[in-house]
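Notes follow once the structure below has been shown.
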Amino acid sequence: MIKKSMFAVLAATGLALTACGGGGASAGAANGSGGDKITMGFAQVGAESGWRTANTKSVQESAKEAGVDLKFSDAQQKQENQIKAIRSFVQQKVDVIAFSPVVESGWDTVLKEAKDAKIPVILTDRAVDSKDTSLYKTFLGSDFVAEGKKAGEWLVEQSKSSEPVNIVEIQGTTGSAPANDRKQGFEDAIKDDPDLKIVASQSGDFTRSGGKQVMEAFLKNNPDIDVVFAHNDDEGLGAIEAIEAAGKVPGKDIKIITIDAVKDGMTALSNGKINFIVECNPLLGDQLMDLAKKVVAGQDVPQRVVTEETTFTMEQAKQVLSSRQY
Amino acid sequence: MNKIVPVVQMDDIEIGFPGVKALDRVSFRLFQGEVHALMGENGAGKSTLIKALTGVYSIDAGTIVVLGESKRFSTPAESQAAGISTVYQEVNLCPNLSVEENILLGREPRRRGSIDWRGVRARGKEVLAQLHLEHVDPGSLLSEHSIAIQQLIAIARSVEVNAKVLILDEPTSSLDAGEVAQLFDVIRELRDRGVAILFVSHFLEQVYEISDRMTVLRNGCLVGEFMTRDLSRISLISKMMGKEMDVLAELDQAPVRIKSTSNASVVPFIETEGLGRKGSVSKVNLSIYPGEVVGLAGLLGAGRTEIARLLFGADKSDQGSIKIKGKPQKLRSPRSAIDANIGFCSEDRKEEGLIGDLTVRDNLVLAMQASKGWARRIPRRVQDQLVDEFITTLDIRPANPDALIRNLSGGNQQKVLLARWLVTNPELLILDEPTRGIDIGAKTQIQKLVAKLASKGMAVLFVSSEIDEVLRVSDRVAVIKDREMVAEVINDDISEHDVMAVIAGGPE
Amino acid sequence: MKSLLKNRLTWPLVALLALLALNQVFRADFLALRMQDGHLYGSLIDILRNGAPTVLIALGMTLVVATRGIDLSVGAIVAIAGAISCSYIASSSDPSSLATAGTAAAIAVVAGLALGVWNGFLVSVIGVQPIIATLVLMTAGRGVAQLVTGGQIVSVSNDHYKSIGAGYAFTLPISILITAAVFVLAAVLTRRTALGTLIEAVGINPVASRLAGIRARNIIWIVYVFSALCAAIAGLMISSNVTAADANNAGLYIEMDAILAVVIGGTSLAGGRYSLVGTVIGAFIIQTLTTTVYTLGIPPEVTLVFKALVVLSVCLLQAPAARNALRRFRPAPKLPAKEKVAI
Amino acid sequence: MSPLSTLTPPLKKSSAIGYGRLRGGARYAPTLATLGLFLAMFAVGAGMYPSFLSGQVLLNLFIDNTFLTVLAVGMTFVILTGGIDLSVGAVVALSMMVCASLLQAGWNPSMVIPLVILIGGGLGTLMGLVIQYFDIQPFIVTLAGMFLARGLCYVISLDSIPVTDPFFTSMAQARIPLAGDLFISPGVLIAVAVVAVAFFILHHTRFGRTVYALGGNEHSAMLMGLNVKGTKVAVYAVSGLCSAVAGLLFSFYSLSGYSLAAQGMELDAIAAVVIGGTLLTGGTGYVLGSVVGVLVLGIVQTFIAYDGTLSSWWTKIVIGGLLLVFILLQRLFSRKTY
């Protein structure tokens, strides 16, 4: 892959330099429709986190195994780039388009174009809020609200005694869908338990250093923190560092709940530094390819396919840690 | 004439800057149809007074009456709206725009809200023709033209408005004799049309040639208003300087040139053969010996500055060769020239000389420091010694090494720049218009300094648009015409006229 | 008193103190320091430690800005430095040894220097406008960092490496000690040698500087290399602080913070005179601002508005025109910047 | 390939007079160089991917970049005066948020659209006033403006808001057919109109010429009696207006409001303007050049999408690399000694 892209750059550079077009036509990139091989255009959000990269990798590897010709496009977290990419997939007449929307709203126009061109669309990872559900065949992905809820429910279960529990929340990137939904799900789950109280909530931008800085400030502002709810593992891992630096023991003095279940998080969980992780599974590749084949073949697929996701406690984490891929 | 109401009447004007009173109760009047010279040394307050009238500075006290109406200008636009138009010494036009646009900017003829470009072209041509500048393409970029042409275009701009009052602040400092004559024709024409003209210049002869009346300032105060024909040159100078006649005797107009010792046996410090640069100058055959001052004379735009820049490596030559002390050498950059012990004062002090926001001290040692490299800083003690020495010998004022150089007057800035090169102890010093825009006192000092340096063995290339000045200081004069060096004359009591004859007559 | 008011460092300092005081009002023990595990502990220490990377980058940025330049690529260099060092440690045979940590840091710093040479080459030799020249690396650099890490967050467990960003020495965070050392280095480099004057000369009037024989090319090259060096060290700190390299997010938008710090510290983006001390104060103002948001419990959705208002008021306080306007409530007769006062 | 041959002469001409000062024809050299590179890029794309060589691919460049085009137009005004406006991306997002939230609340588009334009113009004017009257550097003022506008987005809503208004929907989905089965969107017409108006203003009005004069030499422009202060404020107002229009176009394009939208778009706009041949120091450049700059950025993305094998990081590296190639070639073609 690297070689090929290098070639593309060199070709462009070289040709532009000598200012004589043509030439590189023999790039040999497979294009458009042709043969029985399915061509899939996949418009990814970007590479903003380790989770996302695992997701990308999974899609790419599954495509290779399934014999799908994948056109991959990285939108660098920008909706307009994703729209452009989808439009160019339509232009290239791919067999199926899959994408993880950067944001929920605003897809009707371009999806209609795809529909007009009779190219089926599969959503992965995040939903769109379009009222016209005929614009896409199916949505494959996790439910962020449910993730937040699972985290909250576990906490409600753990704190049966009627002692007040001070919770601090480290949110994801302000305004992003997972942050909004996880916050909402978590709040919904704990709202009926009067003992559970969120005493502070700040954005840690889904990063470790963000989580660490926010937690440092929380620790100084609030003497009695019982629970940290971080919107992803990285923020939780950052918080652990801050808690340790403050001379407290993460997992014991302060309980930590996170979402994602990436390898580093699972390691911390099995070491008892994190108490509970809700899984958010990035490995959608195989499921996506299956759905794609069915869709292209004209078979019926369910409108909503929820990825198989679970939750982990310390014991569960120890068991699966060695087989964790990402 | 006194019965007539002045076009401009300024009374008891006061302007202060932090720590200084630039104008102290100065009064001034300007009548219709006269050329009025504003005289004074650098720093006397001439520019400040003009800027008060043109709305660049706000006045702290006093009154300004223009055409019977009391005014208080806070922007140049307001002043222009009142019929006052100004041409400054430093060309204040936009280099990125065309000549015609610069003439008409803000006053372009319009048709239905859109600029009428055909009208602009026509009007531009017309105005250029009025100033006998038909050869200037109105569509060309301003930056393509020499400073002199730019200055004339600036004048064209102010002629265009039909101003009641035209202020010319040092308009001739970059013009040659022919262009000055041309300009004066225009000024007289305008005067006869009834325009009130305020003229500022350091050239006494020009002032006496063109002005009807003069106002003299000194140290921000009014000395008096005089009819030009009633005031002798020597008493004008004494009023400007506030000194008595015997002191002025020092500033005699005799040649300062010191006959250099015979140098027939010596190798020239620099020798060029067929030196040139495509599109710039060509066929420069020049040799300068140690202890000799060579003058470069020629009309404006003849290629004087270009030659100076080639000899300093500021522009790269692409023809001919340079030998330094008999050895062939390439001058690819100013650095290589400096390494060959050459110094260069540019004609464009502001853009190519001063580091405005640095102190006198930093500016003075800059070239020396640059050639030592950044790693070897000149110790503060040595800096202080050098700076003190040159502040004293060159009489730089204020004598404060920590003053920012941009706050000094033009003449003093020039002295600092000279000192910048003198501390590097160059074997060849190239001076391009070193006395432009500075007052007589400083001018004489610089001329004398040049002579003294040569007598100590330094080679000097002296470039000036004033042929008489070239003749006063140089041992030999190289004459440039049409971007070629056409002749070399030994300055053996030749006259300005002789040089002009060479320029007019071409190569001998 | 008057000279104090005129000093360009006064207002930034006042702003910093005011911010700290505001925090103190909201939380009585804000300024309190205590010893814990043999080192100082408290909010002030956090500000110092978390602010260290910004200070460091802003120092490099100051010199770049003084030459009329700007370096947008520092954030990408932070990511690359972190990615390289962490990837090296993670893949080495002895991932927890001091030698590994040292080698990793050295490789990252060398890489940073190389990137600085690249930026300097584009700006000084090719003559590309700095904002665009460094935009190239800003765009591509993060890609390079991701290429190094494979897009994953690379975690390391090396106590020696961790100490760069999170460790303590002499009761103080090592990161701030490193930053102080770089500050001293920069100060000595620019004020004990002629570099500072030459940088200012090039920034104020490049044409005149060339004619005075200054090798502007070298000077400009040096400042970009220095800026990249600072960014690389900051990258080590940031990755070491969380013992992981996050190629996607490490140093994101830090270039904006650094530029803000430089300007708040009184250095003009138009080049010329600069103040390293001012920059340090400016960077701490920005870090304190972040801390203030946490202390005051400002909700994330209004954080940016709050920051914008504070930044704007600090800049307003600094602008002489604004101060005059406030004082006299009428526009002051402003001398045009380019105009020399003809007296 | 034929476009290239027509392009060669001006390039040669400009490099031949590379010495000396910039002469008449050389004024257009950077812009022409960019145009040539754009065509070369298109030719390379067409050579590598057969479906690349279609009119619709070219038209999509316009359809997909309407907002960026309008932003670049506003940015051109600002950069021509030697300033910079970092707030544009955030103002686009703010316009979208205001638009989406008001439409959701049941406002009529005929009220919302003028209001959005008013807000954009107002913010721009405000920044211009601060820059002019408090003498603070544009970089900083507009950076603060960026924080402020982005912050206000969050205040309005953290969630993305769909736009269901029929007018907006029709603007989004309408197709204006051209020859064959080629089509453009109404947004393209708006963008073209904005470009045309900007071109007229810059080249045929006194205000426009003052913008150039200001970039050439601000002090001289002041002494020439031009309205420097007003013009300086006005260019930021123009940029604000353009940002608001771009925000509306983005709303048409994406039918939603999202507080994180258009992040970093200011850098795209600046890059487009600079690639289009405008000097950041001011005074030189053309609005049409900026449009070409936008097309160049667009075609780079299209190129990458067609390639379809670049990983996320290689995408970034390639974009950076192509940016570099453009800059270097532009330098080569329009070299000017100093």
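A, B, C and D label the chains in the order they appear, each numbered from 1.
The working rule: contacts are C-beta pairs under 8 Å (C-beta built on N, C-alpha and C of every residue); 3 or more make two chains touch, one makes a residue touch a chain.
It should be emphasised that the depicted structure is a prediction, and the values quoted were computed from it without experimental measurement.
Using the average of C-alpha coordinates as each chain's centre, B ends up farthest from subunit C. Set side by side, A-C and C-D show the greater C-beta contact count at C-D.
One inter-chain figure worth recording: subunit A and subunit B are separated by 69 Å, centre to centre, where each centre is the mean of the chain's CA atoms.
If each chain is reduced to the centroid of its CA atoms, subunit A and subunit D end up 32 Å from each other. Rounded to a whole number, the gap between the C-alpha centres of subunit C and subunit D is 30 angstrom. Contact with two or more other chains is made by residues 154, 158, 219, 222, 311-316, 318, 321 of subunit D. Taken residue by residue, subunit A touches two or more other chains at 47, 53, 56, 174-175, whereas all remaining positions touch fewer. Residues of subunit C in contact with at least two other chains: 146, 151, 207, 300-301, 303, 336, 339.
Listed by label, the pairs of touching chains are A-C, A-D, B-C, B-D, C-D. Here subunit A touches subunit D in the complex through residues 1-2, 4-5, 8-9, 11-13, 15-17, 19-25, 27, 29, 31-32, 41, 44, 46-47, 53, 56, 70-74, 76-81, 83-85, 87-89, 91-93, 103-109, 112, 129-131, 173-177, 179-180, going by the rule given at the top. Those residues of subunit C lying in contact with subunit D across their complex are 122, 126-129, 131-133, 135-147, 151, 207, 256, 259-260, 263, 268-270, 300-309, 311-312, 315-316, 318-322, 325, 331, 334, 336, 338-339.
If you check the complex, the residues on subunit D that touch subunit C are 130, 133-137, 139-141, 143-148, 150-152, 154-155, 158, 218-219, 222, 267, 270-271, 274, 279-281, 311-321, 323-324, 327-328, 331, 338.
By the touch criterion stated above, subunit D contacts subunit B in their complex at residues 19-24, 27, 200, 203-206, 209-210, 212-213, 215-217, 219-227, 229, 283-284. Residue ranges of subunit D in contact with subunit A, taken from their complex: 1, 4, 7-8, 36-37, 39-41, 43-44, 46-51, 54, 56-57, 60, 63-64, 67, 100, 153-154, 158-164, 169, 172-173, 250, 253-264, 298, 301-316, 318, 321-322, 325, 329.
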